[in-house]
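Please find the structures below.
Here chain A shows up in two complexes: once beside chain B, once beside chain C.
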Partner chain A sequence: MKKSLILTLLLFTFWSLNAQKYFTKEGKVNFDSSTGIEKIAAVNTKATSVVDFASGAIEWGVLVKAFKFEKALMQEHFNENYMESNKYPKATFKGKIDNAASIKLDKDGTYNVVVKGTLDMHGVAKPVTANATFVVKGGAISATSKIKVLLADYNVTIPSVVKESISKEVTISIAADYSVFK
Partner chain B sequence: MKKILLAFVFASSMFTMASAQEGDLLSLLGEEETTDYANAAFKTNRVINLHSLENTAAGVFDFKISHRFGFINGGIQELFGLDASTIRIGGDYGITNRLMVGFGRSSFEKTYDVFAKYKLLRQSSGKKNMPITAAVFASAAVKTTPFADQERENYFSSRLYYTWQVILGRKFSEGFSLQLSPTVVHRNLTATKAEKNDVYAIAGAGRIKLSKRIALNAEYIYVLPDQIASRYRNSLSLGFDIETGGHVFQLHFTNSTSMIEKGFITETVGNWLDGDIHFGFNVSRVFTFKSYEHE
Partner chain C sequence: MKKYLWLLLVAVLLGAAYAYYQYNRPVASLEDKSADVVLSAPDLLKAFETNEADANKNYLDKVIEVQGEVVKIEDDGTKKSVYLKSGNEMSSVICEMEAGADTQGVSAGSTVTMKGKCTGYLMDVVLVQSVVKK
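== the complex of A and B ==
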């Protein structure tokens, strides 16, 4: 009897672990490399992300072609000349929430955490650290974060003729409303 | 009972372990197949003189200035043709991502032209698979120079020219695109009775990307025999596209003087072998008026 009790407990532990996975398929990724001369910004509303609050693992994935610009030509150049989206169709982030245990999924609140991981885009994988905010409200979980990356770090080169119009540093901001993964 | 429970625990723990494997959380969501449309088979909506299979995007105005200098065989006296020039000033506008319209005015024979181009099929892969892009093109041109024979009765309709074209093309790879355009040019009035009012031709064009921002383009238009006067030749053009942000500069060599279909298809007089070659350029500058979802 004792044995089966332990096993049942074990079962519930696994269950609850599983229930700590959350996901979205409509994550928002904003991208901005504007300068005073030109507004260069795009949004991707089809980012996918999964968080496992038990282990702290978090992953993001976007299709580079799904970034929408206001200007069609900018979008074409973004794909053709800068991100080479035919060659590198996806960008991903795989990381870990430093203090995932501090996020209480059953308690409303705003939790500021540090996420460390690897950003893989344009064929280059580099470690990044980001400050992220998780908000738990009535069982709903959302997250936001913002990082800055240097284009040169990811082998994205800016030709000299447009050097003045494109910022060397790109701001990437993300936002997601997570749902329980079943 | 115990056994069942044990089996259940075992199965569920196996499942949890499998799904909790690190670094592969995203694969839990599975892949959603999307349609991937080929774009930028050419840098702009023209190859050189010919319309390419690309359109001006919805809400975008593309201001075009095209220039052809004189024949380079004019020698130093004519500064290799640079002393003379013909020009077309025009503009293209994308009404939707599939439909564009345009107009222009050429100094050569003082001609005004309007056109429309519609993409029937768009090359795509993934969820929707389409091997080629197909577009239809129609243009009308009116020549406004005085009639050659002022004595006889002249009609306005005699000044009109029409062109119909089907553009079939494919972006084979990032660096290589090819297109074929069966064409009919209709002239309401021809110089002699022997010349046909309807002229059938087939145009071929291609581009090879030399770098991300520079491409080599070529186009050749074969006019089927016994339709136009023997002094007219097939149009052959070679050129480079150089793209710098909002501009595309097209620099090229061509034996055609006119920059509109009825001219470069049916009235090209230059002979490449004799050095009847124009140096020329097209400059394209885009202005975004409205922003849409662009595929």
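== the complex of A and C ==
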């Protein structure tokens, strides 16, 4: 009797631990380096992200070539000249939610948290801190965040002819609707 | 002399028109493009799982024609995505399509041939600008 109770308890904790892991393969990453002169923006709707609310660990990954621009020429320059996506096909973020315990998965609400981690793109890994918002609504979990990144930090050089039309600072916005990781 | 000036003007205008066309050129559709590589969804995933660097070299930016069984179709209003079975529970070959793309004959369980541009491998192999091959 005792044994089975322990077993059930164990199973139960295991199950609830397991239920703390969420993921998506349809995460959205928007990228904007527009200036007053020119609109330069792209969207990627195939980002992968995994969050473990028990430990606070969070990961994001995107394929650089899956960013879509309005203009083909911008997309080509982005891949060939700036991001060199043949050499560096992926960009990843690995980090930790500072106060993950404050997010109550069984309680509807909006939770503002701080995520600290490493952004790895164009072959350069740099620490990044971001404010993120998690929304829990009826068991569904979504997240949004926005960070600003200096192109120079990631060894992305802009030729002087187009210096005026590309912003040195790029805004990256992310959005994800998470599902339970099975 | 005046004639040359006119010719020069025409040349400049043509050049400007071409530059304007290039500048505004949208991302080309793959509808009429022939595939660089033809293979099955499980084979494509396997190539990336066994040696990602080699697979990147062989498949990145290539137009790939891939056959597979449809797991599901996702439609979020801005994009459609067809997930193809790959022999691995966690991974798929995902073909991303434009919102207005024709998905006639594509439903869960059916076997289809898709054509798309390979962008690489995260948990899945992702093809963009995909179209259903008729």
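The working rule: the second predicted complex is superposed on the first by the 174 of 182 C-alpha atoms of A that agree within 3 Å, B and C clash if a C-alpha of one lies under 4 Å from a C-alpha of the other, contacts with A are read in each partner's own complex, and residues count from 1 in each chain.
The rule is simple: a residue touches a chain if its C-beta (ideal position, glycine included) is under 8 Å from a C-beta of that chain, and two chains touch if they have at least 3 such contacts.
Please read these numbers as outputs of a predicted model, since none were measured by experiment.
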Exercise for the section: Please tell me, clash or fit, for chain B and chain C sharing chain A in the overlay. Expected result: clash
Completion exercise
Comparing chain B and chain C in the superposed model, the one touching more of chain A is B
Practice task
Could you say whether A:65 touches chain B, chain C, both of them, or neither, answering first, second, both or neither?
Solution key: both
Exercise for the section: Classify the contacts of A:80 with the two partner chains as first (chain B alone), second (chain C alone), both, or neither. Expected result: first
Exercise for the section: Would you check which partner chain A:37 touches, where first means chain B only, second means chain C only, and both and neither mean what they say? Expected result: neither
Practice task
Look at A:57 in the shared chain and tell me whether it touches chain B only, chain C only, both, or neither; answer first, second, both or neither.
Solution key: first
Practice task
Would you sort A:159 into first (chain B), second (chain C), both or neither based on which partner it touches?
Solution key: first
Practice task
With the two complexes superposed on chain A, say which partner A:48 touches: chain B (first), chain C (second), both, or neither.
Solution key: both
Exercise for the section: Would you sort A:26 into first (chain B), second (chain C), both or neither based on which partner it touches? Expected result: second
Practice task
Tell me which region of chain C runs into chain B after superposition, given the options 1-9, 19-27 or 73-81.
Solution key: 19-27
Fill in the blank from the handout: Contacts of chain A common to chain B and chain C in the A-superposed view 25, 48, 61, 63, 65-66, 68-73, 75, 86
Handout entry: Touching residues on chain B, where the partner in the complex is chain A
Key = 1-2, 5-6, 8-9, 12-13, 16, 19-20, 22-23, 25-26, 28-29, 32, 34, 36, 39-40, 57-60, 94, 174, 212-213, 243-246, 286, 288, 291-294
Practice task
Sort out for me which residues of chain A touch chain B in the complex.
Solution key: 3-4, 7-8, 10-11, 14-15, 17-18, 21, 23, 25, 48-52, 54-55, 57-61, 63, 65-66, 68-73, 75-77, 79-81, 86-87, 92, 94, 159, 161-162, 165, 181
Completion exercise
Seen from chain A, its contact residues with chain C in the complex are 25-26, 45-46, 48, 61-66, 68-73, 75, 85-86, 89-90
Problem - Complex contact set, residues of chain C against chain A - result: 22-28, 56, 60-61, 74, 76, 78-79, 81, 94, 96, 117, 119-124, 126, 128
